[in-house]
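Presented below is the structure to which this report refers.
As written, the chains take the letters A, B and C, and residue 1 is the first residue of each chain.
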């Protein structure tokens, strides 16, 4: 039986790991290499690592760091941040990364995204949608550049466009729920899942395994990603890496996964 | 010396690192000369069948590869699309496969799959070893491995199937015919289960 | 200085890799005598110890009345601090502020163990995450200095953070899992120099550091011992010395009660310390910290000398994994394995080759001894 994927997500800023709340107030969390090593030792399903500076600073991905992170992973690793060309994507795949994630590139140059998918296979291309509620009517809008650039795009329509483009996976990231640890944005997830058949991973808001369970209960096969949940502990937000043990995972699936 | 065939597709580095960790001598082949001293081979692969076959056919390694595998009988492990290439043809494309193990590659029947997201088969799924292959030594029934594919290998002879997995229906997730092995999942990305399997291959 | 011939104690397993070791006519070393004469007579784990412990716990509780916490405990994930926490909460009924200092080298085991302890005991954890870029440069400075005491960056951060929390939360009692049972033999000064000698640290940094360290928690021995202890009344107490404490039993309890997982050797909660004590120190300097640890266990009847010698005959590192560990340490420090190997081979230096305030420390310890303020007798060099 195929199972849903439970995925830690790490953000890199100034070479270090950070966690944000609604994409603001970065809190330093530590060294990326050791964190990835610990997640690998905990045998996580998959890992997402996003360099949040690269696009904003318009610089190349940090290939040395990517290589070191890939070396620590015996599970699929998805890397995103600053990927703008097919050559960059290819170079990153050659370092041992399974999937690359793009955000602003998908909005600004979808043709290049399609080309990358064609070259390496669509399964390796992931589009991350950072979504925020805006305007008087609190409508969902797609944002890029760390939620600083509103694109005036409806995420549901955009999701369909990306699916048609031939990408392999969509990550729905709620900016409003980011770091809040009060649960995922179900309305947003449901709206996108309604029209999409390619794999989806959701992010933003997980405060407990129960929050993840609720998404799994509704959508069965899905990726549930979290940053804060796997990096913070307790009310003082102590920094301590965690991940459900196989026994705890089984229990979550038993309770929530009924395809 | 385990030689990983680099014909342009697949996570070569990940395989290399696992074998380095296991302290097994490993090399990477990008041309026929690199294959000469190989005593075991890994044929990785991701992406589309036709594209993979085209890359392999143009790599300059196919001829020597076939000699080593079919005449010299050195062990070869095809991974993911690398396993599918062992078949004679695939529903995904028009090009012929290597035809090293009798079978063809089929698409999953969407009607049997109980999920809304049906393609690809992506994530961790259970593998059940059958027919006692040395490749699966010590791998418990129901061990999970990472899968990422939409097509699967259908073996003509049931005796060639060495592991099955359920996705909708039961399908063949690993094959063996003599020195030729194939796994649909990614052992290089399946944590300790994957390392165990690659260790078994190295110890053949 | 005349070179000593190799000699190992006939009672424990300390040997001449401790440059200051002295042997009597029976080949028994001064560590053993120090234990017999200074430690054992003052070490009570029977009713006397229990009385002292009860008094101490009462004092701690009183000091914490009306406050959120009555004591402070640094949790590394290792046996001593984990067991100390277990007792503090379940046996003594204390309300500790539990903190962990993340220097970037946590092993998965350490993280797991901290998690299970804190979860089961229902405690709230504080962490101090040292900026890795600063830590990396700081650690490299010590490699470049060529000295044995490479773990000062982690140790110093721990002490400074501990005293920071004590001061911030006005906590008077710091629980320390240190104990005579497994630590009665002291590490030679040549191996591990004081982690709180700011003069020494500053000298190393000025010579070998390359970036500013604005967020790393620096503190000084004056702040620790004098200001905080005597002016603010902060005490470090070691409750494990007032009761029978056996390492194997402690591990068994932790495993059973919490699903705690044990480490192959002391201090292996940190990947760096594991490499440093298991490989770097023995291979570069010939210092095997297991000698000190095993000697303590021998003197307290928890290990036989024969077994200690047998274990010492095998390397302190795991030959199967050392190559990979070496590469990881180098990678994390931002250097190549060859560069790391290079540091293995530079001329050996010691604390006295750099500025230091050892005299002040020694004088301070003697004064405090004389005033009856401290029991531990630091070795006369």
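Simple rule for what comes next: a contact is a pair of C-beta atoms (placed from the backbone, for glycine too) under 8 Å apart; a residue touches a chain by one contact, two chains touch by 3 or more.
Since we're looking at a predicted model, the values are computed, not measured.
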Task: Centroid-based (C-alpha) most distant chain relative to chain C - done: B
Open item on the list: Suppose every chain is reduced to the average of its Cα atoms; which one is closest to the average of all protein Cα atoms?
Closed with: A
- [ ] Could you put a whole-Å number on the gap between the CA centroids of chain A and chain C?
- [x] 40
TODO: Using mean C-alpha positions as chain centres, tell me how far chain B is from chain C in Å, no decimals.
DONE: 50
TODO: Just give me the whole-number Å value for how far the CA centre of chain A lies from that of chain B.
DONE: 28
Open item on the list: Show the residues in chain A shared as contacts by 2 or more other chains, in ascending order.
Closed with: 71
Task: chain C - residues contacting chain A, complex - done: 100, 102, 104-108, 111, 114-115, 118, 124-127, 129, 131-133, 271, 328, 331-332
Open item on the list: Quick check: in the complex, which residue numbers of chain B touch chain A?
Closed with: 11-14, 17-18, 46-48, 51, 114-126, 144, 146-148, 166-167, 186, 188-192, 194-195
Task: Complex contact set, residues of chain A against chain C - done: 14-16, 28-31, 33-34, 37-38, 41-42, 68, 71, 233-236, 238-242
TODO: State the interface residues of chain A toward chain B in the complex, per the touch definition above.
DONE: 1-5, 40, 43, 45, 70-71, 73-76, 93-96, 98, 120-121, 123-124, 168-169, 193, 196-200, 219-223, 259
